[in-house]
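Before anything else, here's the structure in question.
Letters A, B, C and D mark the chains in the order given here, with residues in each chain numbered from 1 onward.
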């Protein structure tokens, strides 16, 4: 029903994460209202993105500037014995905001719901294994996938992979190198009454 | 915390309707992942928008093609005695989808929450008055603003304006030309028990 | 896990509308906390309910006092040409609060999702037919079931029943006696963009 | 608008936790519909509650049966070195369902939002101090209030109280007797992106 140029742009915006056709249409009408200069600014920004932004050769975090490493990986004050494996770029910024983590990151690039080869190969597992092999200073790999079904499946896959391929990396506190997971428990604002049994069990076990 | 080019684009996307900084960040990381060709396609689409899309000289609906009128305004089978005044472009498409309306539209370009001159002048009221003066064939102006507080205030303002400036346009069924409003009542799926008194009152009055 | 007396009462409260076992448990612990006098008051109130409250012989509205008719049915100032058929008792009070309706009511006692005999017989259809037959002064029957799937099915069933059994009661404005439905349209606070097509179509048709 | 007996019962049900006047009205209409026998059963159950149900002299858990102790407190297989302090009765059943806790409980009877004497005295703090003094076998007091604002304030108050009054009960793993809290972290189904910083910080610290 929309004219072809508008429909085309609605289709392109509909591919953006979280955007449906209705929101995409609102984006297009927004662009029709703003000035030529603002359109120019947006186009230049999008166009510059791939030119100026590089991908960190260690953690896959997008960055700008000299060298091959992002600011975090290049920062000599970061704790190089810790490697936090996360699903996606925004998780890195979410964790940085807590100011509680001083180690390095590794962006896995997604999650898997099955252990099928085709699915698993979309993740940066080869690169992850390579990092752990090449950097013996890493003493703890923190698997920080979401505690969702997909995130859990991915964590399970990574745990098996790391233990199998890297016998020097046992789970738990015992070994010289270890694989850990983010702590489970009650989040701020929760009520015991409405918590699921697994979360509550974790909260009981993780008391301190 | 994000690198300057990324932050810049996050800021620009954050101006899009319904988009906050978190969603804007996801948009940027999405753009970082797609191919050069897809980026090119998006940029061209945005850039072409203002070049190929025109604004209908009657209803302000964006369109492509020959002439000065959009498809609806140019369609001789539409009922030219009806003019439906709507807040924004998407409302036109929403109403068209019902296939229940065969008249013309007029896109007001927004709503007002006060009757202050500065606010009111942002709406296309001058153009609306002009349309009604120039097109005596219009027999009914349907004010189809949202039944929200702002939409209601705007409808009230338009009703006063049309009646004051155009005495030949009384509200109600009596006059030769009239101003109407969309019917109020219970929507599909509603329950009497949870309906507000005004809606329920309208449903009672509007029974048939 | 609860002790038998507590579990028994949880089970009984769980039969209350909208109450699940968790809420039922909270009710029981609430009762354990309040004073003997408050318990006594509650028990007396429940116990008196069936003794003092009668069911109106015309509309099935529960009431207290002399005679066989509730306050509304006994009120000679109400418009006896209008009969509003509602699903349940609370709908009567919801409609009364609007102060827009001055006719009589008839509480149907539920809804049906199928037209199976067993389902339909749970409704007070026999009594409804009898009322319309015995009270020729009723000129309009307003079917005020909820515009939900079940409410709509019930309304459809009632329309057929009334027209079939009572040919003098056509739908629409034409006949001497008529069957109507509550007006459909946009409720207060709605936005065109998020309204379903049927509601929007009704709003267009019902404009005034 | 309702008749006096109905209104009276609506008022009484409105005092029940989570019940508003609309739900209370539905309760009353539900009671009007059920049989005399069912009413009788409900009244007997409510009336028996205070007669047959006792309050455990150790943990304040309601129970039925011989003696002064509830089933849990009387169960010699429970771990008497652990005392879990909870806000209310239902929290006990919620924790029992996890089957992860084998110690004893103590029902505090509420929470405080301020440390005002009048507020604090509504809690069973005197009894809690007495329990810890009289039962030297208790080695760990787990404060299991909700991680809500009120629950946190209450936990803080209890921690101070226990440490001040009972110097042999330090927080943390060091002492012979200790005060702990339920573990904080990400609950099942959470996403890092939407977790608050405090929860995420706890999840990082509590990794294992």
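Assume contacts are C-beta pairs under 8 Å (C-beta built on N, C-alpha and C of every residue); 3 or more make two chains touch, one makes a residue touch a chain.
This is a predicted model, so every value here is computed, not measured.
Contacts with subunit A and subunit C are shared by B, D. Chain geometry summary: the mean Cα position of subunit C and that of subunit D are 39 Å apart. Once the centre of each chain is set as its mean CA position, subunit B and subunit D turn out to be 53 Å apart. Residue numbers of subunit D whose C-beta contacts span two or more other chains: 22, 90, 97, 193. According to the touch criterion at the top of this document, the contacting chain pairs are A-B, A-D, B-C, C-D.
Residues of subunit A that touch subunit D in their complex: 86-87, 90-91, 94-95, 97-98, 100-101, 142, 144, 146-148, 172-173, 180-193, 195-208.
By the touch rule above, subunit C contacts subunit D in their complex via residues 1-6, 8-9, 12, 15-18, 22-23, 25-32, 36, 39, 41-43, 45-50, 52-53, 55, 62-65, 88-90, 93, 96-97.
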